[in-house]
Structures are given as structure tokens and as C-alpha cells.
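Below, chain A partners chain B and then partners chain C, in two separate complexes.
Then we have the complex of A and B:
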């Protein structure tokens, strides 16, 4: 058989299907909502996706270091809660305690680092599964952040936060520009340093990594701390997007983070979680959300559509593994 | 028996005893019979939800959509009575049937489409939440003040002096114990959860067991929805979500108490009562709402960590 004949095999069609479905939906929206294909809408999409993109970086790292299985492998659901806690601390310090920006940032950083350390210690020292650990810390951290903000909305008008919302760097909005740099930094860390390669080895096969002299716990620990710090970084964009901190942001952020990261896995050829996949997933989810809004789809339906989408895409992923086997 | 193995086996019970002493010293009301009954009655719905979760975790999965099954149970029953004038037990059966839709969808996704339980039930959660929003036009409660007294008695009635909800939860708990821990069916379910490929090789009809487990779990959780609806005489959309994390925590604390670390009915029961004790005790301390939330979250994390650490001591 010639190569050309093999080009359209069943497995290739299924491989490409998730991305095709997504692009097809975006094109459909583009035709039905005249304003969607404008530059300003695209910029809005990127701006909206920024906090999700940043927490997705953290989740990807934890999944890469812990392995792919959702139940037994690496997962960190607590990142959005950490982000909301950190946003709450910054807002509370700036608006109510009249602290300088640097102090607020230091406190938020410390809080996030502590959450990451607790996650890491519970997983590596006690041997709890990451899913269970991060579900529990999610609840605890949300509880603490409500204590910090008294469950109230706190407005922030600090010039730095306002700059993240309205400012421009080289003609791109500041938030998007900074996020792009963050993504490149994480990419470099994971794919271009020895540390990153070792960490991926731990996730690929813990036993093999240990036999070749890598300490898996060390890398898993750092993965959780880095993940919590992406929560800290995301908190600035949460503050910028909402012009302050408001309680209850974490639920939606958590669902979107998981959706985007595992959608990203469905886009990748080997069906594993990747950095770029997660970023692409986050942007596409934001594009769909905004697209539905500009089309005038009832908000109540978006959960149904998003849920069905993730199921279709993930089912295709499972199918492609089957077809290849 | 050395101290270490003693702690490994019963350490968590000491922690529960410690909490009871602490709360009792703060407020003597805590230990009074009426309050202890409150704790048990207040834990009934969580116990029912956690038992459904125990079954799914025993098969090696997880169910993030238990809240949806609970909501559907309440919604179908309330609407059946209010809109169609169906009598109370008919409505209860319809509610349980409504819950089973959630289980059927989960079974279709995990067994039929081969999606991992975490993502499949997350998708069910998205879809189920959205369906409730669409159906109630945004999430407004459906109240039915005039519901039949028999239905209302599911939550406020008494059987021989014991609150009905405790009786219902107790009966379900007993059935789960017999089926999951003392029958060949339970043995097979645990086998599937421990090593699915071995169970397939051994000739078990794994898919059949998985499908029935998802359906049975969602029907069980729907009973919890009936009690919740009877208690406040209305269906509140999206209210089931609040049980999810507690149910998962209860199952895994319970599993940590088991000699071989398996999810089990008695462990779940102990863990649910522990969570009930903590909630009730913190309430009686009269703390600020936000302080209470933070405290119970931190206690949850510490309890889980201690339970798992204890199980590793053996």
C-alpha cells in the first residue's frame, strides 16, 4: 500500500476529530455572530482566558510529575482555591489594612507556598493520593480565604492591578503579554532543562526514574509547590479581571482548569497532558464561552454544551487509544 | 500489642474521642441525648450519599455527580406530586427513578464510551447542573407547601420514636453492609476495584457489575434527595453539590480505617459520624460563620492526613 492511501486512516480521522470539532464550532459561531470575528473580540477572549491559562500551567506540571491516571496519578484541584486565597489576601491588605503592595504580595506568596508545601508533604510523606489531598485542601483553603475576606467582595484600584487590566505592552494587552512570557518560561523549565526532563521522567514511570537515580518525591514535591505558585500568579489576573476579589470565583475556575487541561490532552497526539495543549484548551474554552454569549445563547445552556463537549472529546480520545491498539 | 500497632488500628477512634471530649468541655449540651440524636439525624443524608460513593469507589471509580443524583431525586418527586398530583409513594419511586437517569448516563459514559470515571462524572455534573438551570429558569427553587404528610414524614416523622430519616439511612446502611461486605456480589465488586484485569480474566462480567453499581449508587443517593426535599418542602436546584466533598472525604477516611485500605461500609459510617460530630460541635461553640468554615476545612484536611498516616503505620 502506498503512503498516500494510508493518509486518511480511521485512527487519523479520530486523532484530528477533537480539534476539528472545536474549530468547526468556532467557525459556526463566527458565521452566526457577526461581531465574533473582530480583533477586539479575539483580544477579549485572550484577556478572559489569562487566569485559566496560568492555573493550567500548574496543573500540567503536577500531572506531568505524577502520571496521567486521574485517580492515582498527579492532579491538583486546589490551585484555583490558592489563587482565590492569594487574591483575597492581596485585596484585603491593599484595601482594608492599607499595606504597601510589596507586603501584600509577600504575604500572598507565603500563603500560596504553604498550601503547595502542605499538598506536597501530604502526597510524598504521608502517601495520600493527590486527588484526595487536593480536594481536601481545596475545601480548607476556600474556608481560610473566606475568613480573610469575611466572604465579602473587596474592590482594588491599585495602579499595578489596573495596569494588568487596561495597560498595553508592545500593543498587546499587559495581562496577555505577561502570560505569554510565563508560558514560555514554564516551557523552557519543563522541556529545556535537566530538571524538567527528570520531572517528566518521574511522571512517565516512577519506578524507572527511581532506578536511574532520580528521587521521585523531590520532583513531586516541587511540582505541587510550583502549582500553588501558579495559583499565586493567577491571583493578580483574577484581581485585574474582576477589579477586586469576590468570593466563589474558585468553583468555576476549577471546572474550567480541569476542562481545559484534559481537553488539551485530547488534542495531543499521544493523548497526554501537555503544556501547549492546556494553553490551547484554555483559550478555546474561553472563545467558546464568549462565542456563545455573542450569539445570544442562553447562559443556562453553556454548562450543558461545555459538559457534552468535554465528553465527546474525551470519548474520542479513548476511542483512538482503542483503534491504535 | 505494641503501642504502635494499637495506634495503627484504633488511632482514629482516639481522635474522635478527643474531639468529643473537647466539644463536651466547651458546651455540656453537646453530650445530651437530644443533641446526640441531632448529630445522627443530621448525618443521615450525608451517610446515604457517602454509601453510594462507597460503592463506586469500591469498583475502582469515583462519582463527582452524586449531587446531581440527589437533586434529580428531589426534583422528580416534588414535581410529580405538585404538577401531576401523584401520591407520596408513587412520587418517591419516580424520584428514585429520576436519580437512576444519572447513574445510567454515567454507566453509558464509563462502560459504553470507555471514559475514565473522573471525567465522565465531571461531564455528567456539568450537564446535570445545566439541565437544572434550564428547567428552573435559572435556579429558582420549586416549593410545594401542600405536600402529603406521608412524604413530609420521610424527614420529620418518627418510627417507634426514632426519626424516620435515621431509620431509612440505617436500613440502607444495613443493606449496603450485607451486599458489599458479606455477599458474593460485594466480593466481586471489590475484586473489580482492586484489579480489574484480573477480574476479567477470572470470568467476571465486569461491565454488568459496573453498570449496576452506577445505577444502584445513583438510586441510593436519590433517596437522600427525597429526604432533603421532604425536610424543607421544596426542591432547591444545585443543592446536592454541597455533599460531594464530604462524601468523598468520608469514603476515604473510612478506607484508611480498613485493615487493607479498602473503602468499606463500616468505615464510611464512622467517618460520616465523625464529620457530623465536628459540624455539630463547631455549631455549638457559637463561632462566627467564616471562622467555622475555615476550622471545619482544616479539621477535614488534618483528619484525612491522620487517617491515611495511621493506615500506613500497620
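Then we have the complex of A and C:
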């Protein structure tokens, strides 16, 4: 209150650093990549970002309910694996088992819910750290989806999936439009309801929440289940983007999800992970990926750059906590 | 006492091996501020936890507003209109004031949270009831400690159902300038007819705002003061401490020589400020102070565990920079930490290994530990200090508290250290071992070491030390010779019952307090 607001303090510089680095890279790409600053490229960026945006919703919920401590706080690395499993199940059911769309969806939904429940139970009942739990489920779930798809690419030409890829609603691409609706729904749940703010309280200070009569485990459990469901939702956009399911999609998706969610904290006025921040972060990360592609940067270099960015963003987050303490 | 709002009668509570409450009673009248005082372990927090429904008492009765509450659960107590302001702040740093005030009791409408209404109502409550202006959109992390405390109070009272509010050490985390703000808010609550229980170690605050006071000692209610005046502190202390003088302490015959360690205007910018003192070789100097007085942080800083932001530390007449405890040990300054189980001992190692941990260089050749030499040294310490059982390969975890403490001391005795920092050396130690540790401290001083003893036991400080530095809210408020110093007077100084003017009473010569 009474503290003088110094404009250029160390903590402010650290808070702003991830954004500055990111915008710097985008500007560099803008000047060097042919056609990057065009409307059609921007549309491509949005279309490409859709699966990342959806899983980022899930990760940011888990982080908000578990706290943003890097080691012991909430994190769920398994969401992309769940998304790929769900995509695999739908593709396999549609293309190989000739099942109707609704059955494929029900099966994928059940699989995702089971992954979420396992994560939640491991963390809230057994007391494992979310990082290790979700790392383990990531590996296990990827294994399951390889079993389901025999580790092969499966093409999907179901009209609903094709509509998500090519259709338009009110002149906006269908995938982007539906994602926007999803974001708004999740925004309302997390930031506008008692349920959502109580969940944020749990992540902000478990003790404070408990003192106020809030049951922390209940919210943490639900966060993992919701996160797995965002994986399920993302699977449709993965199928649409790739016209089917293909193995190995999860690696890049996880990288971009983590990068985007924690980058998003830099957008929030409170400097914490929020839904809007994560969504914006996801779009920026997609822009970066496409930018690198149009510039013709080697894929291996892209991995190195993204990995380093995660390190920088997370390290700056830890540093900013240290500076404020 | 049918008009009392709270009556707790003959409350008994035992923990394994300890009688924490022994038919204790507490009764609070409507609209009064009722002080609850007693030394550490007297049973204050236990009875508060019984009232909160956290602990179940084995005997006694509890009634609120003339209604007997037979099953005391947190929910039943909350429904009866009793609220607790816990000592810890328990707030979410990145939540706004409005969000924090309404945490767990948010206002909702058909379109979700009523953010604007929550903000307006919390601002109004803070302004009208607590007389502070705080913007409801401010984040908790941008508030000062006193304001956070007020937010915590607002959270407990915003539903207007509170009839009795329990404050547990509300001023403990506050700096002295902020205390007034909080006390003013508490007085405002009283004007609104809310009864309060005020638990505090700071007797100056107790005499300042309380109408009546209950004194606890050894789990019993030993006195109830129906009238509290500014000068009631003396009587309160007498009731708290009781009249028991023990002959625990060795005869003190020190001959202080040259300065061993000096602090000059030392501060860490947060927990303590402008601390200056001198500890001579062959002298025992005590540090007294409540929890939160900066005592623990000062010791940590002297040992290099924390960094000072201002002032200097001098060792043997030379200014030094300590960046780590290893630095301190190399210079002959050692610490016996307050939490010996975590910081003092490697619990899984044997007594011998623990004793030799501080002097591995002496018992090793070319980096290899000479087992026989190490065992011999450990055996000597075990004999000198009477560590029981006398078995060098005994695992440290299995020793009693007193013997663990002697093992830590034994480690540093083998290192020829010249300055000993002892932080609460006898907490959780039985009386027999206490006497032995006191004798050891005395021997150290006689052999020319300087000993700085930080302790919350006033008897121990007076019995062992030549001088005592009294710390309060981060500053040394008194420096006093122990000759003729009574426990009552020392307690009065640590609890701020004497005012806070610095009475300097230099080391040598008769005391003239």
C-alpha cells in the first residue's frame, strides 16, 4: 500500500524478461521470414495453436490448484499423452473397428477420465509429487496409445473431424471458434465462480484455504480430472490438424504446453499462471514454431531453442520468487 | 457467572506423559477484552485449541452464551459465534484483499462471483469496523504485516456473526510501529460489543488493552485479575513465574579479558536493527527476548547463516566477513543450534562420528579417517561429558535429548574453539542433564572461551551469565548486569512491561538498577 512503486526494480525486470525475450524473437522472425506478417500466416498460427491452447487450459488449472512451486507445486505433464491416447482411440475405432463416432468418443472420454483419476489419487491420497506422478503416467499412457494404434499412423475422414479442420462458423475457422467457446467456459469456471476461486486459494496457500473451511484435496483431485478432460478435448483438434492420429505427437505438444503456460504467467498482472495468460502464451509459442518453419530453421535447432526457452522462463520464475522473498 | 459469554470449567487435557491442562478454567464476560497469560508450556495454547475443537479435552465443560456445548467440534464452535485469529497469517499472497476477506465464504449471484460487491463490503468493513482504509483490489503481498493481520481479522468477522474473538499472539509478527494500529482496531471491535480473548507474551499490551486477565501456570489457572491497571505487570509476572528458586547453577567466577566478538550497529534489514555489544573472552553473555525479538536471527547472522545488511562483526579486534558457517568454524567460532535434531546432529551417525565431524582434519591422514584415533577422541569426550550410554558407536538418534546436546557440545570442545554461540541449549533437556550442561558452560568460560547464550529461560540466563542483552522487536532494549537481577525484573524487560528506553548498565561494577 504505502510502498513506493519503483518502476524499474530488479523483480520487475525479471518478471518482464520472458516476454521481452519472446517478443524480441518474434520481431526478429517477422523481419527475416518471408510472408510472416501476413493475415494468412496469422490465421495459420491460430489454427495450429488450437490443440496447445486446449491442453494449456488443463495445465494452468492444475498449476493454479497445486501452486506454482517448480518441484512440489501442481503440474501435469501427462495431458499431451492423454490427448494422443484419446486421439488414437478415436482414430482406431473409426478407421479400423468401424465404430460409430459416439462410441469412439465415449471410449476416449473414459480413458482420459481414468488417467485423470489416477493422477489425482496418486497426488492427493498417496502424497506423491505431481511432477513425478505425471511424468510416470505420461510414459505409461504413451505406451498404451502405442498399443492401441500399433504405433502406426491412422487416417481419419469422419465428417465431424474434417469440419473441425476445414469448416467455418461465422467466418471464423471452426476449430478456432470452438476453442474460443471452450476458453470462455473454462474462464467462467475458474475465474468467475466460487468453485474456481476456492480452487485458486488452495494453490495459493493450502493452509489459508484449509483455515477457511476449503477442502484442498477435493480441488486438487478435480484439477487433475479436468486436466485429463482437456486432453480428451484436445484430441479432436489433433485429429483435425493431422487428418488422423500419428505417434510421437505428444513430445512437441508437451514442450509447447509447458512453455506456453509458464510464459503466460508473465502476462498476468499478478504474475501467476492464469487461463488468459496460458492461452496467449500458447498462441505466441505457435507463432514462434511457424516462424521458425517459414524461416527454414532446422527442426533440431527448433527443439533446442524451445527447450532453452522453457529453462529460461521457469528459471526466471524461480528467480522472481527469490528476489521478492 | 451466568452472565458470562464463555465459561470453560475444570478442563483437563493430557498428552502421552504430560498433563497439559489440570482442571483449568477460563471465563469471559460479554464485551470485555480478556487477557490470557502464562509462560511457554503453561497451557495457554492448549486451552485455546480445546476451545477451537482441535483438541478434545478429557474432562470439564464448555458453554458459550449459557448453552452447554457437549461435542466441541470446530463447526459447533464456529456456529456458536466464536472466531479465531491465528498467529500465522495464512493468506494467499497473490489474492486481493476482497478475495482474501471472503475466502471460503464468497458472495455469488446468477452470473458467478459478485466481485464488485465483495470489494465494496470488505472495504467498508475495514473502514468502519477496523478504521483503516485499504483498497479491496490491493494484493496481499503488497500489504504490510499489520494490514495483513487486519485482513485476517476482517475475514473472521465479515459475516457479523462473531460474539467472541480469540486473538492468539496477534502482534508477534509486527514491528513496534505497527502494533498501535492493531491495538486501535481491537479497541474499535470492543466498542461494538464483541468479547475478546487476547493471548500474548507482551505484558505491556495486556495491561494496555485488557479489562481482566487470567494467568496460567503448569496447566492450572493460578489467578484471575478482575481489574487491570498500567502497573499490574508486576503482579502478573509474579503469578506467571511463581516463587521457585532453584540451585541449578554453578558458582560464577569469570575473569573477562580482551574482547572476543563484537557487533557494531549490526542489522539484517528485517529481523534486527542496530545491534551493538561486546563479548569478552572468559565471559558468558546472555540474550533474552521473546520469539520474534530477532534473537534467533542475530545468532544465525553471527554464525554466517544469514547475511547482515548493515554494521560489522569483529572477532579478536579484527573486522570479519562471514559468508558461511564454515568461515565461522575456521575462525574458532562455533554454534550449538536450537534445533539439535535437525541442525546439530547427523542422527543416523554414531556418537563418535558426530563428535569428530567438526575436526575431521585432526583425525585423518591424507584425507583418510583414522578410525582408532577418532574413537579415542570420542571416548574421551564421552567420559568428560558423561554422555550416556558410554558407547561411541551408539547411533545419535537413540540418545536422550540431554545426551544429544552433550554430543553436539562435545564436537566443538574438540576443536579448540574460542567463541561459543549457544542457542537454546537446554530446550527439551531433563534437569539432570541441564545441570551438567550448565557446568560445562561454566568450565568453558573459566578456560577463557567467550560464550554467547541465547535462551528463553530467564532463570538460566540469570544463573549463568555475567550480563544479559534484552532484545525486543529487533533491537537491544536493555543491557544489564546479572548481579542482583531478579527473574521478575528480567521477565518484565523481555515482555516490554518496563517501557523500552535503553538502560545501559555496563558490564563491570555494581548494578544500579
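Following the convention adopted for this analysis, the second predicted complex is superposed on the first by the 282 of 325 C-alpha atoms of A that agree within 3 Å, B and C clash if a C-alpha of one lies under 4 Å from a C-alpha of the other, contacts with A are read in each partner's own complex, and residues count from 1 in each chain.
Definition applied: a residue touches a chain if its C-beta (ideal position, glycine included) is under 8 Å from a C-beta of that chain, and two chains touch if they have at least 3 such contacts.
Since the model is a prediction, treat every value here as computed from it, not as a measurement.
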{"item": "Partner chain in contact with A:205 - chain B first, chain C second, else both or neither", "value": "second"}
{"item": "Contacts of A:40 with chain B and chain C, given as first, second, both or neither", "value": "neither"}
{"item": "Chain B versus chain C as contact partner of A:147, first or second or both or neither", "value": "first"}
{"item": "More chain A residues in contact [chain B versus chain C]", "value": "B"}
{"item": "Touched partner set for A:314, first chain B, second chain C, both or neither", "value": "first"}
{"item": "Chain B and chain C footprints on chain A, overlapping residues", "value": "none"}
{"item": "Complex interface listing, chain A residues touching chain B", "value": "69-71, 118, 122, 126-128, 131-133, 135-144, 146-147, 150-151, 255, 258, 262, 298-308, 310-311, 314-315, 318-319, 322"}
{"item": "Complex interface listing, chain A residues touching chain C", "value": "1-3, 188, 192-194, 197-198, 200-201, 204-205, 207-209, 211-214, 270-272, 324"}
{"item": "In the complex with chain A, residue positions of chain B that touch it", "value": "60-62, 109, 113-120, 122-127, 129-131, 133-134, 137-138, 245, 248-249, 252, 289-291, 293-298, 300-301, 304-305, 308-309, 312"}
{"item": "List of chain C residues in touch with chain A within their complex", "value": "86, 88, 90-95, 99-100, 103-106, 108, 111-113, 134-135, 138-139, 141-144, 147, 155"}
